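Order as written gives the chain letters A, B, C and D; numbering starts at 1 within each chain.
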């Protein structure tokens, strides 16, 4: 749909120190890479620096390996971790769902049209319901039922599939299961969940019912990284929706779906465009 | 500023039952009152009906007393409470403040220009700071300092002033004191507070600091009726503001002020235009 | 998905006059119909009254025919037109598309899940591209190509299909053709178009390019009824999206898709829930 | 109110070319200035680069003159224009008003509380109405009436005052006069106007009446730089407000005031924080 030239993206992060920007930008200039856009932030609360650069090579024969090798030396001095992302890189995203399909349907649409520049190698569910939707898009669908007793085995299988399909990102698109601490740890920082409330408000089960009980006039959704603290993972983005007295809990569930899917897909886009930096409980998000 | 004809407003509420609307609308028709706008709602969760009608008399010599006397008989059958509000009624609003003046300044502006159709007979504060602002608007200002020891006496004086100035509504415009249960009870349903978070999230002290700790991407404000449950009173309206990683707690405090004042003044307008019905913990708000 | 009891809906409209509300509400009370929600408005600029009532019959054996027959007499006196909509009525919606599928995909999702309570008996396009999407949903798809020369014949076929499939509403879901005045007249008031700008700004072709040229910081979408005035039909609802300097026209096109589909589906919902009254160039929309 | 350390700000702009970022960041590193935040953008449509850096000197005795002198040499090579803004710089803002006071009242509030870090040395009006408001804030107020005949003289006086009070920015806070081409030229790029519509929609007089005629569901406000093209100057920011059928033009005027003042003050903040770059008809705005 678009002829927009996709850039290379360099992201880097390190402890705060004089010269953190310069070590990045000087290297880019010396290696004749043309900078299109920079966003950097030095967090005084955490003494942590991060930077995101979009650039295009000015000379032929740009090699990511050469870039990484040459930059390693300079980065080491600053204890800097970095990542170089190619314009044609399409990250592999494994999706977990249950029965609700509004988020899945939305992600598949954006995947199919290229609006989300990802591969979806596998969809995993504890229910069989959404298989035909997956099939229409030509994506393998695994139905792994779960009970209290079989949870460890089921999660082991989920984990095996995530690895087998070489997922770089895991998305819980309304997967209605509480992950075990073990699986949470494994997914820490590279799995995104969508929760249907403005976290930390209305944590846990049935947030729309909780919202209705309290008589709130706004409901929302929160996309966050999974970590060991249930519904308390670092927030990537949040969206809201006005509601009023005519909306009973079942209406909130329905009205919330639009904001859930928009919020989840935005978080995924931020993640794959390398706009999100994770610093403890907090995120730096260089939004566009 | 406006030549808009102001209507009479009739609001009524009663237990749900067949004919609740008809008893109101038929009376209006029979007494030759022209209906401009109706909003009614029958809450199936609480079995409670409420209606708001804007109307203008078609004949000369409309008398509120006659209206009330004649309607009383019909309303009694439905156990209906009602209120008739004249177009030229300007409710008397007592304002309580501490040191923050962003809400007070906004309310005084809207009062001065007639955007809020109210009288402000008195401003009460536990600090002397905002006296000159009150004076410029020609409004009596009472400085009633408070300590843990003097709280009962101070609240007694506050209560006395509220009565002496015949306030019909009390507004806590960032009054940084926790009211005693006794004063809360007295003000139940006719005092509006502005809390600087999306309640029930971040109750209590320093909500912007709490919000920053959690790394939320939206902050907000909640205008609610005061009741005995601190920061848990029935919500009238809520507003939000996007924030991001560059905003430290002190920035959130500053950024939140716009949304606080807009949210508070909107709640007051809803209240004085008789758009709000209080049903237990929840409100019906016939917004425009 | 929801167990919410669906109500009957009565909508009515007539010239402004004393007693317009009463004639409706009294009839409902006398025929033992329980009112759940009313919204009425008397437009002083157009001297036009309209009302929307949600109700449920209190007695068994409610008959729409009896209702209509009995109400006709009363309505006649007020020159009132009205419409009674059954809870189980699913309006038949014909959809016209070209190549863009974001709106179609969204409508089909909401149709499939029951979020939009409609039938989609037919999809018509001037391109073959979206046939498989229609097929997966089991909906007949007609590819009717169009050229300057064949336009009258093509529109005649479109019109024939709309009638053959007994459509009650026609939706132009990014149908990239300017309808002839003749077809516009036929569809006046019962066809909804989505335009990708905040009309009346950026009428005509390539609105996102126009928006980019002007450097606007907000783009939007407008759902409106089709009439003979191209892109000037009565507005039902509008949505917006923030943008900034990093967004080139191709980005605006992509970013606008979310707001286009949400705006279009909201307008359709308002229409089928009988929330929209058309008064000349303007609409009354009793939103929820 | 805030203990946030205010940074120095360096902004720079030049034709697109390899090394534009590096020339800035390397200089900052070499002169031992600690970078807190960077935003840069290279506009491929205009071949124009711009960058904004917040930094703090790491060594004592930082001198703006030395900085400028040393940087001049490097910048010259890139045909780069730049500006260094001190943390304690409070730009002098001249305000022009007519009779509406909602924007002026808001600006004076933010000025008084330090929320807008500006000086307001002078307020100029073609009406006497707002003098007492100016006086309460201790700001000289000039009443310069205007007629078709006296326009050139009046504008000459306005221009004299702007110079006499050494204004760095001129704000038209609902100044209801069309400036002459001559004055527009003089103010090009350093005067901000607030227009009460979503420009380019509803240019010219009475935009809220135009909006009502069209039956739009959103109204808005646009803050833009003044240039010779009336109501077509480069847009800095825009805000919106939902409206519906109950709002007559006089209601839109009232409802629009909140969004006008918020939009204008945001634009001023962006301008004085050096977040806005003017490139022909378009702006780059590094928002926070």
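Convention: a residue touches a chain if its C-beta (ideal position, glycine included) is under 8 Å from a C-beta of that chain, and two chains touch if they have at least 3 such contacts.
On a predicted model such as this, the values are computed, not experimentally measured, just so you know.
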| item | value |
| --- | --- |
| Any chain in contact with subunit A as well as subunit B | C, D |
| Subunit D against subunit A, contact positions shared by both copies (same if over half, else different) | same |
| C-D compared against B-C, more contacting pairs | C-D |
| Most remote chain, CA-based centroid, reference being subunit B | A |
| Whole-Å separation of chain centres (CA-atom averages), subunit B against subunit C | 36 |
| Rounded Å distance between subunit C and subunit D, as computed from the means of their C-alpha atoms | 41 |
| Overlap residues in subunit D, where contacts from two or more other chains coincide | 37, 41, 44, 244, 246, 248 |
| Touching residues (chain side subunit C, partner subunit A) in the complex | 1-4, 37, 101-102, 105, 109, 113, 115, 136, 244, 246-248, 250-251, 253-254, 257-258, 262, 288 |
| In the complex, subunit A residues that touch subunit D | 18-22, 25-26, 28-29, 32, 34-42, 44, 51, 58 |
| Partner subunit A, residues of subunit B touching it in the complex | 41, 43-45, 198-202, 213-218, 220, 234-238, 240, 244-246, 248, 281-285, 287 |
